[in-house]
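To start, the structure itself, in structure tokens.
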Amino acid sequence: MTERLRRFDILLIAGAFLLLLPVLKFQRATDFIIFCIFVLSFDLLYGYMGRLSFGHMLFLGAGAYGVTLFADRVSPNPYLSILFAIAAAAAVGALLGPIAVRTTGAAFALINLAFNQIGHFLALIAFARFTGGEDGMSAVFSKAGFLDLQDKRVAFGFCLACLLLTCWGMKRLTASPFGILLRMIKENETRVKFLGYDTFRYKWAAYVLSAAVAGFAGALSILNYGYVTPSFIDTNRNVEVIFASLIGGAGSIYGSLVGGVVFMTISNYLATYIPRWEMFLGLGLLLLVFRFRAGIWGMVSTLEVFRPRREGEGR
Amino acid sequence: MSEPLLAVDAVDVAYGNAKVLHGVSLRVETGEMVFIAGRNGAGKTTLLKTIAGFMSPAAGAVRLEGGDLRGVRPENVARLGVRYVFQDKRVFSKLTVRENLELAAYPSGERLADVVARVVSVYPAMEKFLDGKAGALSGGQRQILLIGRALAGNPKILLIDEPTEGLAAGVIEDIFRLLSGMKGRLPMLIVEQNLPVVARLADRVYVMKEGKIFQELSSRAEIEAPGALEKNL
Amino acid sequence: MITTLVYGLTIGGILYIISIGLSLTFGSMRIVNFAHALVYTMGAYFLVVILRVLGLGFLLSAAIATVAVLPVAAGIERFVIRRLYGESLDYAIIATYAVLLIGVDLIKWVFGATPIPLSDPIGRDVDLFGISFPLYRLLIIAMALSIHAGLYLFFKRAIVGKIVVAGLEDKDAVRSLGIDVDRHFAIVFLIGSGLAALGGVLYAPITSVHPYMGFQILLVSFAVVIVGGMGSLRGTFLSSFALGMVIALTGRYWGPAAETMVFAVMAVVLIFKPLDV
């Protein structure tokens, strides 16, 4: 039964998010969606390629600042701004990729962290003239085309469509030879090299793609908020997306979505009841690492109901 | 029949999902010099590593003097008297030869001077290398150092993985003399592909193929029979 | 200029004291220990407590603070680090980061987030090359040099040190001799943590004591370790002072960019000398 359901999963995802609406205000629900896009971008690197980055906020920030600066200086057309933001984030990824991707494990995590710090410094201090420094700057978009993105409902629908597009893209990607190769690289890169593949190029491509999607999320965030600050590129916030990815379950689209929603729920609502937020995050992470590695979706998907039917098995 | 010194009982070992040892059983009695022969990939090193505690059997048992070795960490297996000499001829290259032996003497409590004396008596030439870095030793000298390390603290049994591999003929003779000097006094389980050495020294030979014990040659007559070893490989 | 150079050496000295533990843990256990920053922070806070509550002199307080952190480090080693042996590196990173988060939040809870300034404990200057330097800073440089000498001797002469050297090269071979290498690595972890605490104690009067001070020094420490090579005593020594100079010199000309420049250096080094972790 679930096999047939899988063909409609894009619709299912859309439906699930629409369910959020009665519970949340539009702008908040849009927040959830955008964060899920960010988690998806992170999962591409972590879950599929097996590389943990402690600096993914850099690309979110690149997209956020990119969209704002473009709207401010070139054209307030929201679609062009978003495209520019994606391109900007991808460019940063393309530039840093060759350095980062040569490393693995701890070095990868740290060097991305370092890049994030450099980016944060640039946004906060070095380019403060352009970015507004600590105060940030506001982003004003014009109404282009038939969608009025200032309307919170329209923005929600638009972002939901973007999420569905991202999910669809990820689905196609991970099923494609490229996606399979990424997972093989995660498991045993040396073997893939022996098979004759230039793993460097694949890793670089994945890095750029991940950066681009993160930039996409960053751009959408600004669309939702209308204001960018250095907190969008804050290194200390990397722990959020890592937590979300773990709690949802790394290496799966559903896992990323579940993780994104769960984390946003916790941070938006439980945070008021939990006084020591960082301690909670830390304890949660420890629990996840030592006990619940697979995350929520990981555990759920091992339940009988979700296992694909095998030949000859009765109902 | 009394309990053998070392008993391996129907051991299965797997790397992940791939089984590499299937129901392997062997024994070593006190004073015996037992060899394991077989082609590359037959599982000989895996077997030694499992006995030494570096790998865990998925099934079966490993017993030393009747005591179960399964689940015991390698350093504790060593303390119980099982000394494993790895196949790669790696020594602690940044330390001197003497310091290599010092580390070996440390857990056993045996005096360093005695450990050193033992090695020198077997291989007098080592004397002049004692204070040089172990990394400067040749392959054969390293092998002798490795065996010398393993002898510290009077072990109960030695597991040696391919002692003559990669060594020149003259050096092989040195190793041969070293091993035959210990024969009968210290039980040994040796993996070796150099068949003449096996033929000259073995009390018994196990031939391994594809992760199983293919054949056991249990008497000198069987071992010395012409082509006995070659044809089984 | 001379002031800047001496300042660079001071920072280099502190960096060495803090980073050497990180380097050794990294080299021996292959674990990126974010919690190292926590031990550093705790050293500084323990110092504050002892100075204020017990009212002891700086020297005694510093010594007590450094030692007091050791049980906490031992606890981290036993309950977190040890469970991460042989695990995927990523989990080790996340877990130690989590410990850091928890610890920092605890500190914030107990002490609040306002920075606590500490004054120069010696408060005297020394005249060198016609310029006067705070004696305290010169003392830090001297400490770093002594610690380096001490560690060098430790790894060369002490049996524990030799076991660790051998274990870094060939862990299984050491185990096959009957030596519990993990326990010896744990000893090294404790030594490294103690040094991190000492670093926190020494640096506290120069920087300000606040819950996030660990985060600031953490990345630079990692850069030091990566540039100098993990597990390398000499490498860490050289890279500490080199990067200390980078910070001081950059700080002189473009203040806020000081630490960022360190990362740029690290990136450049990584391009030409890719890491193998």
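Lettered A, B and C in written order, each chain numbered from 1.
Heads up, the rule we're going with is that contacts are C-beta pairs under 8 Å (C-beta built on N, C-alpha and C of every residue); 3 or more make two chains touch, one makes a residue touch a chain.
Computed from a predicted model, the values in this text were never measured in an experiment.
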{"item": "Chain separated most widely from chain C, comparing mean CA positions", "value": "B"}
{"item": "Chain occupying the most central position, where position means C-alpha average", "value": "C"}
{"item": "Chain pair whose interface holds the most contacting C-beta pairs", "value": "A-C"}
{"item": "Centre distance in Å when chain A and chain C are each reduced to the mean of their C-alpha atoms", "value": "33"}
{"item": "Rounded Å distance between chain A and chain B, as computed from the means of their C-alpha atoms", "value": "53"}
{"item": "Between chain B and chain C, centroid-to-centroid distance (C-alpha), Å", "value": "43"}
{"item": "Interfacial residue positions of chain C with respect to chain B in the complex", "value": "159, 162-163, 165-166, 169-170, 172-181"}
{"item": "Touching residues (chain side chain C, partner chain A) in the complex", "value": "26, 30, 32, 80, 83, 89-91, 93-95, 97-106, 108-109, 215, 219, 222-223, 226, 256-257, 259-260, 263-264, 266-267, 270-271, 274-275, 277"}
{"item": "Chain C contact footprint on chain B (complex, rising order)", "value": "52, 54, 73-76, 78-79, 83-86, 90, 92-95, 99-100, 102-104, 106-108, 149-150, 152-153"}
{"item": "Touching residues (chain side chain A, partner chain C) in the complex", "value": "46, 50, 52, 54, 98-99, 102-107, 109-111, 113-115, 117-118, 121, 125-126, 236, 239, 242, 246, 276-279, 281-286, 288-290, 293"}
